[in-house]
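What follows is a set of structures for review.
In the two complexes below, chain A is the common chain; its partner is chain B in one and chain C in the other.
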Partner chain A sequence: MDAPLLTVRDFGKRYGGSDAVCGLSLDIARGELFGLIGPDGAGKSSFMKAVAGVLRFDAGRVQVFGTDIASDTGAESVKSRLGLMPQGLGQNLYGSLSVEENIDFFARLRMVPRDQAERRKHDLLAVTRLAPFAQRPMRQLSGGMKQKLGLACTLIHAPDLIILDEPTTGVDPVSRRDFWGILGDLMESEGLTALVSTAYLDEASRFTRLCLLHQGRALATGTPDEILARAPGAVVQCRVVPQLEAQQRLAPHFPHCEAMGQTLRLFVEGLDREAAGAAVRESLNGLDIETLDTMAPELEDVFLALLGGERAATLPPGQANTPSADEPDAILAQGLTRTFGEFVAVADVSFKVRPGEIFGLLGANGAGKTTAIKMLTGILPPSGGSGSVAGADMRHAGALIKSRIGYMSQAFSLYLDLTVRENIRLYAGLYGLGRQDGDERMRWIIGMAGLAGHEDELAASLPMGLRQRLALGCALVHRPRVLFLDEPTSGVDPLGRRVFWDILFSLSRVDGVAMLVTTHFMSEAEHCDRLALMFAGRIVADASPQELKRQVVAEAGELYQVTTADARGLGKALAASGFPGASPCGRDLRLLSRDGAALAAAVSAHEAGARVETRPIGMEDVFVHLVSRLEAEHGGAA
Partner chain B sequence: MKLQRVSAIAAREWREIVRDRLFFALAFIVPALLMLLFGYGLSLDVENIPFTVVDYDRSALSRDYSWQFIGSRYFKFQGYSDSESEAGRKLTSGQVRMTLVIPERFGHDLEAPGRAAVQTVIDGTFPSRAMTTRGYVEAINADFSRERLARLPVLSGMKGVVLQSRYLYNQNVSSIRSLAPKLIMVVLMLSPPFLTALGIVREKENGSIFNIYSSDISRGEFLLGKLAPYVAISTFNILTLWCFACLLYQVPFKGDFAFFLLASWIYVLCTTGIGLLVSVLVSTQVAAMIVTLVVTMIPSILYSGLIIPIASLGSGARVVAHIVPAMYYADIVVGCFLKGIGPGALWRQLLVLTAYALILFSLGYALFSKRPRT
Partner chain C sequence: MMSGEWVRIWRRFAAMLVKEFKQLGRDRVLLAFILYAFTLDVFLAASGVSLSLSSAVTWVQDFDHSAASRELVGRFQAPYFKVARDFDADRDGQAALDSGTAMILLSLPQGFGRDLAQGRGAELAMQVDTTNSVLGFLAVSHGEQIAARFGIESELARRGASARDEAALPGVDNAMRVWFNPNQNDSWFMGISEMLNIATVFSVLLPAAALVREKERGTVEQLMVSPLSPFGILFPKVVAMTCVIVAGIAVTLFLVLIPLFSIPVKGSLLLFFAASMLYVFTTAGLGLFAATVSQNLAQAGMLSILILSPMLFLSGAWTPAEAMPDWLRWLMYASPLHYYLDIAFGILLKGQGAADLALPLTEMGGIGVLVLALGLSLFRRQFA
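Presenting the complex of A and B:
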């Protein structure tokens, strides 16, 4: 192995009195796609900026290309061989400049000779498929296109090492997969090394090596397989009736147990698949087990196991409250349509949500999710169709709807310069609660959200997980029967996310609150009882997550992972022999295929040593498959 | 120093300014607008003061006395009032700003060997305007008395001293003549720092500054490329404002145009430097705007001699005036327009401005870091 391209020892960065990153050590070799994974505030950005020489750091040694960058001169000397793409969708690009002008600016800034710059611009526009939009102003691009342009600009001077800070955050799954594919191609053809951060744990398997970062410290570093080996165990997924009782019974024995829609998912530490299945069956003795599958654990399970897995809030005891069949639907949409001039934002959308049901609305940016939500919450009158929310007609009872629903979006709901108590009191006042009622709800919210002891802290000083639970409490202050959640857990660490979903689960099952969740976080989608996928203003699929997975497997086959030494060559060879759509995943390839034997034959024809294995299909595979098929049917949108 | 990088930055900056409506307006429209608004809004001349007369006497003499005021260009007659209380109401409502009360027997007293008395009531809400009004009333009253005395046969041979005053540099003592050149000073103090500070802080706020931090461009190259378009725009504005002063406000330009241009350019460098310094110290556009407003607006209006002459300032304020560049440029611009003096008399001020520009740019350069702490 060559000398490492990047060597970091005991890196530390402090802001004011608190450590952002502490004691981080890692090496990155030439050609690696190294991932830095962690929630918001884990210290990813600080570390990456320091490595790029744009942020001073306080402790440790950082060597880039063998040069120590402790001094400004040292940092300056490596910048010509580095590329940095900072965080934020297209934030570092220039909105009023066209795609081409953006690339030209970076080329001139980096002193790329003119003819060489033209050649590279041409190639990069071709690879990123941005050539048809070369004259379009940057600000009119979609999120995914902005990120691809950002990548092209970062690569214009042919750097040896690129540092990409959360390039896929806020980008829909299809564009995300597209981005990873392009990055893989470019790394291969240019001999690049990349340091990439992400907040999505499900992207971890795409890296050749990775580091799990939590509160500024490295939890584990290694290849995905090495990290998986750190916490041996098995995942058990079962469907048991009644679900709530099953969970209450399992939770004391298995700390990593959570409800995913109608099923329960457990990570059983230390046992193999068979033993884990048996142990779970034993605990559930006497209940009706409809299905029980076991599978290999995923990185998120390992991450939680490494964190110690202590739960901040335990499940509140409660009786399952099955809504009776004659109770009216919590949300009913019938042929909802909304047009803006010529543009049809939402077309003929129909669905219903039962009391106590968690309903997920998925879709890429611009698919019509936001417009649909605005109509359902009484903000925007529909141009056609009808519907009711919490018993109020949405065509003329906008104000009534608003008083009966709760709405939570991480971005807007809290006043950060008020304390926990003041925030709750403010919301109680806004919804017209009396003093006594308000105090009672205050106690309920503080208990529910696990905020005891934080009552007089400013919302701004709370950790993300607590802040988000406070926002949930404020949305629930007036006891709404219907709750709207807009990407509720983005930016929250896996532990906080799990606690949050425990609360939502209990709210739905015990209190019978209906929920509508919009997200393009695939791990959130898995928690829903039912999912609707929106595409171009229409609902194109509406079923439970398991059902959707079954549909995709029936349509496109099982998910296969091919372990290979030459992912790029093999991908091309497979596409030529009738297996298109392989996406890179670390050093491996993943693809859907209906004929496993033929795939194995095609793989071994190209490369004798390659292995083919089946993998459980994920929600992201489902989403990407459905949307790609629809895009192909609609004449291939960009 | 690589010219290609400097020009890359400058060209991109220029494109962004002309394509962004807000920045375009800030660069080209706001300076002209400020010149117009200040010019018409800040006139210090007191003319056409509305007034009323309460004439209890109604004699030929009292009418004669009133006419002295009614005919004057400084006053604007708003009709007679029947009583003092009616005049008082008009004063309160703002309909008039001065009343004359001529008592009964005014004509009689004036013909008799005694003396006649007249009362004037002046709206004192704006002290300087009230003082000026009183001055006018006293002058017209004195004129009237002198004329009457001159008619007395006993005194026909007597000659008093007649004072002939002449105002140099501004014959009509019209305030816009002295204001307009100083307004160039104010506008050039406000507009360049705003543009510069917002232009740099905008990049910090949205993160595009990291393109600069992470590339191998030097600080000097970046700052040169970044500031060049702003200095160019302000140079263009010097000419626009000069045209406004000469053509719209009809201020004669008596000095050396080349010297005026050079001094103005150095002044623009100074104020751009203020913007640069603000931009390295703050990190949001809102903060940049507030800080720039405070450090430019107040000194350029209060401590520059725009309204209150430096010599009339208190000693503390005078010290402040001397550390702000506005005062020095005000000397230059008034000298060039009204006095027709040039480098021979104004080289000291020019030197101060040059030193100022050098210090601001050195500070900005030293404090700008491609590798900040946060």
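Presenting the complex of A and C:
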């Protein structure tokens, strides 16, 4: 084996008095797709910038291509062989320049000889399928296209190592999968090595090796399988009636237990699938178990287990509050339509959300989610159709709607220069609460969000998870019956995310609050009772996550994982023999197929040693399948 | 029902107002800037900036070397002139003017004293660098006066007339009375107009910054889905900023202008502060306009400068309206600062009352309300 391309020993970086990264050691070999996974603030960006030689570090040793980059001259000498794509959609690109001009600019910046630059530009535009948009200004591209252009610009000088900082954040699942496919193709054809960070744990299986980063320290480093082996156990997913009681019974015995829509999902450490299933059945003795499946754990389960996942906040005890059938719908949309001039942003959208239901609204960027939400929150009057939110008519009672709903946006949108208490007091005032009522809600919020002891800290100094719960608290200050959440847990670490969803679950089941969640995070989608998928302004699917999965399996077959030594070659061979759409996943391939036997035959015809097995289908597979099919039907792919 | 709604409106307003004050209070840099502008900056303007001719470097070429020539040169005196050097070479003098070493070059030709003594009339060449047109103009008129005076006196002396005879000559006696600023003290004018300029700058900048910051951080989105109306978002902001700026004006007036420059407050302070409040409040509309149009703080700042500089130049602080070309004068009449200047000088120095100022007050209020309404409607349209 070659000497590692990148060697890091005891890397440390401090900002002010606090460690951003501490004691990080890793090696990356030539040709690897190495993943750095962790939530916002875990230290990913600091580490990547230091490796790229654009940020000084405080401790340890970093060798890139065998050159020590502690000194400025060392760092400069390797820069020509490196490519860095910073975080943020199109952050390193120029919005007013066209796709082609952006690439040309980077080529001149990197002093690539003209003829060579033209050739590479041509190739890169072809691989990224951006060639038809070469003259379009960058700022008019979709998020996924911006990232592909960013990748092309990073690669124009044919570097050996590319460093991509959260390239898929804020990109919808279809474009995300496309991006990974293109990256895989390029790495193969150019012999690239890549260091890529992501906040999405469900992307972890795409890497050949990865490092789980938490608060500046490495929790685990290795191949996905090695990391999975660190916390042996099994996942049990069951549907039990009543759900709330089942959860309250299971939680004391199984620390990793969370509600996913109508089902409960548990990670049982140390037991195999059979024993885990039995243990859960025993705890649920006497309750009506409708379904109970066991499966292999995912990386997120292992991550949480490695964190020693004690529950940060305990669920407030409460009685299940099943809304009676005659209670009116929390949200009712009937044929909602909104046009902007000629453009139809939302067309004939109908759905309803019952009190206590968690409803997910999914869709790629530009599918009309934002416009729909604006109408539902009373900001934008609909051009056609009707609807009511929390009992107020959308067509003319916008102000009434606003006073009855809670809204939490994806970016932390409270005041960072105000303290926890001041933020809560501000929102209490905005919703017209009196002093006494406001103080009471303040106590409730601080207890619910686990903010005790932080009351007089500035919101800016809180960690992401706490900020998010403070934002939730402020959205709930006036006891709304309907809550709108826009990517509520983006940037929050898995532990914080779990606590957050526990709170949401309790709000929905105990307090009967109806919730509408929009998200790109498929793990968030799994928590919803019901999901609606928007495409080109219309709702094209509306069912529970399980039902959606069943529909996709019925339509396109089971999800198969093919373990192979040559993922790329096999992928092409399979596409040629009638099994298109295989997506690379680390060293494996994943694809949907209705005929497992034929697939196995096609695989073994190409490679005798390859193994084919079924996997439980994930929400991402569902989303990608549905949207790809619709895009194909509409003839427009972006 | 009605009273309950009013209670809620009041609570919303109070919550937003408290928030604005707290945020401003935590922005140390901005606070320091505000404090500097309302104290030190006004102090510097009042004590340093002067529009009078002072110590203009004057080079003298005396080719005559007579008693008369020395006498005339001797009349170019401090504080207006600073006679630097006697020399003969023509070229040096020209070079000094070109390089800016000297501002004035006086040349007295040979035979200057003789010609005067023979009653033939004499010539004096005065070359002035009028790069700064105001100072150049002053130098020329001072020089003319000195030369004319000297000419009369030397002719009278030649005819043997005494000073008393001169007084007996019939003539027009110009009895001047300097009102409102008897010492023609520049620092009064400069101090007050700088104070008003600073108030104008902040009344555009502060609301613009406060609003665009909410846009940048995405907090405005959260406010839009709360029961606040666009007016409910902007009104407390403008009120808070108005309070801060009016407090700043009070600081300038009571800590700088009155104690250090003895500005007499002839009229009603109450009227002055009421007018200031009206002015600052309505001018905020321009800031709201800047913040609505721009995406971030940098853009809003640049746009504010773009709005402010014509406002300041066309206010009448530097040039009276009557001295401007017609089309610019109309632009000037559209600027609320023009009226505010009239009002402020009127109250502070002339002691005018509300009745005297009714017209400019109405005009300022009218334009201001229009500006504010424009800012509000733009913001409302952006977020509707």
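Methods note: the second predicted complex is superposed on the first by the 635 of 638 C-alpha atoms of A that agree within 3 Å, B and C clash if a C-alpha of one lies under 4 Å from a C-alpha of the other, contacts with A are read in each partner's own complex, and residues count from 1 in each chain.
Here is the rule we go by: contacts are C-beta pairs under 8 Å (C-beta built on N, C-alpha and C of every residue); 3 or more make two chains touch, one makes a residue touch a chain.
Just so it is clear, the structure is predicted and the values come from calculations on it, not from any experiment.
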(request) Answer with clash or fit: chain B and chain C placed together on chain A by superposition. (result) clash
(request) Classify the contacts of A:R56 with the two partner chains as first (chain B alone), second (chain C alone), both, or neither. (result) first
(request) Classify the contacts of A:L426 with the two partner chains as first (chain B alone), second (chain C alone), both, or neither. (result) second
(request) Determine, under the contact definition given at the top, whether A:S403 touches first (chain B), second (chain C), both, or neither. (result) second
(message) Contact-wise, after the overlay, does A:F65 reach chain B, chain C, both or neither (first, second, both, neither)?
(response) neither
(message) A:W444 in the overlay: touching chain B, chain C, both, or neither? Say first, second, both or neither.
(response) neither
(message) With both complexes overlaid on chain A, does A:L93 touch chain B (first), chain C (second), both or neither?
(response) first
(request) Using the superposition on chain A described above, determine whether A:L416 touches chain B (first), chain C (second), both, or neither. (result) second
(message) So the two structures are superposed on chain A. Out of 78-86, 114-122 or 132-140, which stretch of chain C collides with chain B?
(response) 132-140
(message) Considering only the contact definition stated at the top, list the common interface residues of chain A for chain B and chain C.
(response) none
(request) Can you check the complex and tell me which residues of chain A touch chain B? (result) 15, 49, 52-56, 72, 75-76, 79-80, 82-84, 86-88, 91-94, 96-97, 101, 105-106, 108-111, 153
(message) Considering only the defined contacts, which chain B positions touch chain A in the complex?
(response) 2, 4-5, 7-9, 11-12, 15-16, 19-20, 206-208, 210-217, 370-374
(request) Going by the contact rule at the top, pick out the chain C residues touching chain A in the complex. (result) 7-9, 11-12, 14-16, 18-19, 22-23, 26-27, 217-219, 221-229, 383-384
(message) Please output the residues of chain A touching chain C within their complex, sorted ascending.
(response) 377-380, 399, 402-403, 405, 407, 409, 411, 413-418, 422, 425-434, 484
